[in-house]
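Take a look at these structures.
Each of the next two complexes has chain A plus one more chain, namely chain B in the first and chain C in the second.
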Partner chain A sequence: MKSILSMATILMILLSVAQVNAQDGNSILQKVDEVMFSPNDMSATNKIILIDKNQKQETREAKVIQKGTDKRLFRFTSPASQAGIAFLSLPNDVMYLYMPAFAKERRISTSVKNQNFAGTDFSYDDLEAKAFASKYTPKLLKTEGNTFVLELTPKTKGEYSKVIATINKTEYYVHKTEFYDNGNKKIKEAIYTFKKIGKYWNPAEIVMTDLKKNHKTKMIMENVKYDTGLKDDDFTVRKLVQ
Partner chain B sequence: MYKLASLIIKNRIILLVAIGLITIFFTYQLQYLRINSDFIKSLPNDDFVANQYKILGKKYKGTDMGMIILETENVYNVKVIENIKQITDSLRTFEGISTITSLTNIINIKSDTAGIEIGKLIDEYNLPTTQAEIDQIKQKVNEKDMYKGSIVSEDGKATIVLFTLQGDVNQQDLATEIRKKIDPLPIKAKVLFGGFPMMLKDISDLIIKDMLWLIPAVSIVLLIVLLVSFKSLKATILPLLTVGIASVWTLGLMAMLKYDITMIGGVIPVVLAAVGSAYAIHVVNYARQLTDKNYLENLTQSLAYLFLPVFLSSLTTVFGFVSFIFGSYLLMIKDFGMFAAVGTFFAFLLSITFIPAILSFLPNKIQNVENEEIKPSILSDYILLPLKNLLFKHPKYIFTFWILVLIFGILASLKMERNTNISAFFKKGNSTRVSEEILQTKFGGSSPVFIEFKGDIQSPELLKKMSEMEEVIKQNPYVSTTTSVAALIEELNDAMGEGYKIPDEKAKIEQLWFLLDGQDVMQQLVSENLDAGVIQSRFASNKSTDTEAFIKSINEYIQKNSTPDCKISLNGMPSIYRQMDKSLLNSQMSSLALAIVFVFFLIGFSLKSFKMGFYGIMPIFATIILLFGFMGIAQIPLDIATVLVASVALGIGIDYSIHIISSFNFYFNQTGNVHQAMEKTILISGKAIVINAISVAAGFLVLLFSQIVPIQFFGLLIAISMFSSAFGALTLLPIIIILRVKSKQ
Partner chain C sequence: MKKIVLIIQIAMLVGIANLKAQDSIPENELQTENPILKISGEFLGDERFLLNDNDQWFWNENRLSLKLEKKSENGVKFFSEIWFRNFGLPAYQSAADLYNKGILNPNEIEIRELYVSKQGFLFENLDVKLGRQRIAWGTADKLNPTDNLNAYDLEDLLDFGRHRASNTLNMNLFLNNEFSLQAVYIPFFEPTNLPVSVFANVLNSDFTLPQGMTLTAQSNEIIQPEFSFLENAVYGFKFKGYAKGIDFSLSYLSGRDALPTAAYNTFTPTDGWGGVSIHSNLEYAPVHVLGFDLATNIANVGVWAETALYFAKEDVHIKNNLSAFYPYLPQPVISDSIFWKKTESKLKWVVGGDYHFSKGGYINFQYLHGFIHERGNENLSDYFFLRYEKTFFNEKLKLMPLSGAFIVTDWENLNENFAYAYMPEVVYFATPEMEISLSAVLFEGKGNNLFAGLKDLDMLMFKLKYSF
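What follows is the complex of A and B.
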């Protein structure tokens, strides 16, 4: 009897800890979302460096403007063969592609979000500027030094079974995310370097490694400007074609 | 010779101990013996085609292709689609697999008024759950050649999961692991495995199965033949023990020197049992006639007498095998020749050491020396005597008969086919063969074809040629599916509203390329540096003639269209098979020529007459023509195993000629009468020859129970060759000798 009682007590304590953890996880993730997605708009130049397993590098550059979390225009400026190719992302997964050689735009859809974006190691899913809290259910695994370690479980079935995110305890930006496939094998890893620009934390560099292909993509953000007053009108097909 | 013989008898205890120790040593080595059925590795390291094939494998994420077939009533079913995903996911966990293509992960380019979509045919993380969704997929599959007849059969009753292996992986081990992982999955369809890596694994399993039961079976057959022939336990056990030890030494040596057991290497023990037992029988049988008095001295003397004939007999056989080392291009055949020769030599060594050493402890109970008199028996009464009478009465008829048979043989041999395709190695009804047939009839085959285009892969000229080439190869009746970057670019160009063709401007191609960048399929189609690309296809026939015609037509096109800016080359399994095929024919020619020359000189020297040497090879020469003729009529192709028959038959069968010639010379010198000498020769030597032919043939006929088709043919053909060369030695050779001596007189 005694032992049953004590077991019940332990169980209750465990459950309550789990609840506390869940709450903690949620609140941490919300704070992360606030840090990551608080600017009204942003413009920057993006340098994308693809590094293959033989350390061979290929660099692409693009200009990017973004408003809120669901409007984005991405226009490549180099190399010459790709200069001018542009993607316009609009709410509800609407995306347009412009190819200057054809002088035509086409609506483009990626019904399958786990596809890699233009030869990088980022999938369309990874690049989505959607709040973490809307995509994942968090669980606080541990606190380690100056970081929280969260286990994020996707709310919809996809390429990843879970994502382990390491988050800065004081500033709530992400240090590292590790992606696990459905066989619970780590397949990708992203390392973030955040810099403070004005009042916002900016992901100045993200290195995404595809562990299976041994291929890396380094995304460097430069000339970042926040809250310059971009309008909805800057994110239209007419603007894309210009 | 006497010195050597007395040395052997004197040191018999040391010899027996040494043989025992060596046998223990090699038995211990046997555990390291490995099976390797990968016969692409049989092409030499510097073979151009094989090397290019390896390079292609590294460049395009693996050339070796495996397939898992799902056969069911209807592929378009929620459960089946789930199963395909399950299999695809299971394959993903293997490090050695570099690409996987299945219904649930295949690329799909879609365009309509709404725009373009580059994605997957099925969203694997959001599998269809309703029949309406499934029907949509069915419609998409039926619209595109890329899917229909390539990944789903036209009748919708089968689908395949294709995978390629990394170049450096052990294919057989991986194939084993794959089966282990896939077999227990709860799949609601019949699951079959196909493609080269899976076939290699199956062949390896069959080699092991064969070795495990064919070797005991051959031993039992030999045991029965020996027991019936000699009615003595000693004369039965000792030869068997000798070939057993020779086999252990040979296989042990192979293991020690890190040579793998190949498909044909597996029959070495059977070959040794059939061939090597003859030497042992010779010694045992001779010793049986020794009296008890001065037994050891008699034994020494008879050993001294036997040494040379047994040595010569084994030497001709060794030469037959050695001819493969120098005459063959394929490593598998060279290795077979080397170890069969070594094994034969071991059998000879043991026959003149081990057997007399044991015999020295087993004196005979016989008191009188048996005379070499002609005793009446079924063999001499019903076969040899009538044969002799016929020979003497109608020598010219028999000679004409042989000439006619040979003309017929030559004509029939022109119909002989060749086969190197591994799928034909499996028996009808074997599950591997069944899946291969399904792959050929429903999915365009399992033999990958690669046509590489070297040059700026983004240039319109190159891509246009690539597209043209795809049309050309699709005209071949055995090609039904092709994949290339040119086809993807055409599709995207169409999606941009500019028609299903390669754009004229490079800028357009580069921008379309941007959309394909990073797609899994691209690694299989273009090189990393964009300086080359391939058309991937599959070929669905395993006939040499079809392969030859296909390669010829492609090469003609290549010659016309290859330029320094766009170098086109063909490779793939058909090319490898053709290379093997060519080398088979060359191997056959050169090893046979070498063996004939070897043996001719050997008999010439030993009989001190090259004329006799020439007559001596006649029966075996006729046998080889007959053999090829039989292969032509019976549609037995020249393959990796049957290519061995002619030289092996030569090595064994030549002994019959030596026997007849030396016996005739002996009696002719005694009597000076051709007819008398030949009569004695046929009745006395004839008996030994027929018994030997029967026992060797019986040993090889056991191979008919092999699980591997070429090995079955090998056994059958050697048996036929044995009868034919015995028959030749007893009819053709005596007639040549009689006519020759008569013309002299």
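What follows is the complex of A and C.
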């Protein structure tokens, strides 16, 4: 009888701890979203450096504007072979591609989210500006120094089975994310460097490493401006094909 | 002489642009959103030879595509694209030709686009573009039955979907962020330019003569429409929108058929053994075209459909004057048949889809009913296009092992009326600016159709593209 009671007590304690952890994970992730997605809009130039296993580098540049968490316009400015190519992402996974050579926009299938973005180690999915809480179910794994470590499980099936995110305990921005495939093998890792611009924390540099290919992409954000009053009109096919 | 003047003008433009760039504009400012004048372009080297004709070279193209672009902060944009080409193979036949560099080394200049546009012209929601421009209608991938404003550029038959630009007034009124109205006016019709080199006769229709007659000579004359305000104009309207996850458009075009009809043919006997010469008057039939297209996503698959309904504005007749065979008859002997009744529409359409696999795979499929040169609903063939490509080594290498088309002209007698073109390709991106591709095109087929006509022309193609 005693053993049954003690078992039940242990179970209840375990369950309540799990609940506390889940709640903690949720509240932490909510705070991360508040830090990362609080600006109304953002404009920046992106320098994208591809580094192969022999440390050979290729650089691409683009301008990006974003409004809220689901409107983004990304336009390459270099190299010359890609200059002018632009992507427009709108709510409900509506995406358009503009290639100057074809003189018109083209709706892109949502399956493109499986792909790496323009030869980088980021998938289209990685670059989505959607709030973490809308994409993942969090679980607090541990606290380590000045960081929380969360396990994020995707709410819908995709290329990752889970993401382990290391989060700054005081400012709630992300230090590191580790991506695991459906075989639970770590396949990618992103290291973030955040800088404060005005009242917002900005991911000034992200280094994404594809562990299988031993290939890196360094994405540097420059000339970042927040809350400049971008309108919905700036995120239309009309603007895409300019 | 005109070409020389044009070269000088372009050289001055480029020179001025360079001076401006060097004198007053820091290099990095050329990358800003409103550059003073942006100069870009590409070099394309395109060499092809036939595989089953003693490896004969048949295509030589070295093209400099030079683009000048200037955007102002007030929404005005100037754009031009000019091709400078060394195109074709030397064709010297006599000693006199050796004095002519144009024969030994054929060069040409072509203004592909040259326009000025203004966003927010008169009203905030009205964009206007004036000048020589390409207006591409349709949601399908390169095979667009509704894309009829600009003349087809069929010079390279394998470059599907290529059109020439037209001198155009193009207005777009944006009703809101989802819906827009477009009006286009092209003051004069420009005809399709036909395929060259080994593709030259591929689109020609079979001409069946009465039994006992043999064609000994053929000539023709194109009856060009008058340059009047509406008679020779091409104009169109398009309503474009987005609703419930679907992009769609409805369009109307008033123009002319892309290829001419032999409307009046004069037959003349040339000998006493059935030899006959034919002189044809060719006319471009005026047409109405109603178009509809859509694009959306279904279960992560990109899906598109596009259809165009062609109506002749008047009955299109084919008249054959056989009077020369009956010199003693007082009345001319003319047979008259209606080739295309104005009450009979022809419907061309395409449906397609694409899907991106993880790890760099991509597949694209299209079904097309009715190619550009096909007329009459009963003569429209079925075309199936498939392309599977996969990238490797961080997109340094792209392979297209499955790429090609399959044509059926008569399902009831498939064995005698089919053709396919298999087009594998490998592309190597040597640097971010340079790509090199090697491809083959293998044709096979039977019957009277586009690719069966090319079955002896299997080819290998090498292309190099450098962007700057």
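Everything that follows uses one rule, which is that the second predicted complex is superposed on the first by the 241 of 242 C-alpha atoms of A that agree within 3 Å, B and C clash if a C-alpha of one lies under 4 Å from a C-alpha of the other, contacts with A are read in each partner's own complex, and residues count from 1 in each chain.
The definition used in the following text is that a residue touches a chain if its C-beta (ideal position, glycine included) is under 8 Å from a C-beta of that chain, and two chains touch if they have at least 3 such contacts.
Everything numeric here is computed off the predicted structure, so don't read it as measured data.
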Clash or fit, chain B versus chain C on superposed chain A: clash
Message: I'd like to know which partner A:K195 touches here: chain B for first, chain C for second, both or neither.
response: neither
Message: Looking at A:Q82, would you say it contacts chain B, chain C, both, or neither? Reply first, second, both or neither.
response: both
Message: One more residue to check, A:G183. First (chain B), second (chain C), both or neither?
response: first
Message: Contact-wise, after the overlay, does A:A103 reach chain B, chain C, both or neither (first, second, both, neither)?
response: second
Query: Taking the superposition as given, does A:D93 touch the first partner, chain B, the second, chain C, both, or neither?
result: second
Message: Touch test for A:D233: chain B only (first), chain C only (second), both, or neither?
response: second
- request: Mind working out whether A:E58 is in touch with chain B, chain C, both or neither, as first, second, both or neither?
  value: second
Field: Partner chain in contact with A:G119 - chain B first, chain C second, else both or neither
entry: both
- prompt: Touching A:K157, do we find chain B (first), chain C (second), both, or neither?
  reply: first
Field: Contacts on chain A seen with chain B and repeated with chain C across the two complexes
entry: 52, 81-82, 102, 104, 106-112, 114-116, 119, 159
Message: Can you tell me which positions in chain C touch chain A when the two form their complex?
response: 31, 33, 40, 42, 71, 77, 119, 127, 134-137, 139, 141, 172, 174, 177, 180, 242, 245, 247, 295-297, 300-304, 353-358, 360, 362, 394-395, 431-435, 465, 467-468
Message: Which residues of chain A touch chain C once you look at their complex with the stated criterion?
response: 50, 52, 58, 60-61, 63, 77-83, 92-94, 102-104, 106-116, 119, 159, 213, 215, 232-233, 236, 238, 242
Query: For chain A, which residues count as touching chain B in their complex?
result: 52, 56, 81-82, 85, 96-97, 99-102, 104, 106-112, 114-120, 157-159, 181-183, 185
Message: Per the contact definition, I'd like the list of chain B residues that touch chain A in the complex.
response: 89, 92-93, 114-120, 123-126, 495-498, 505, 507-508, 510-512, 514-515, 517-519, 528
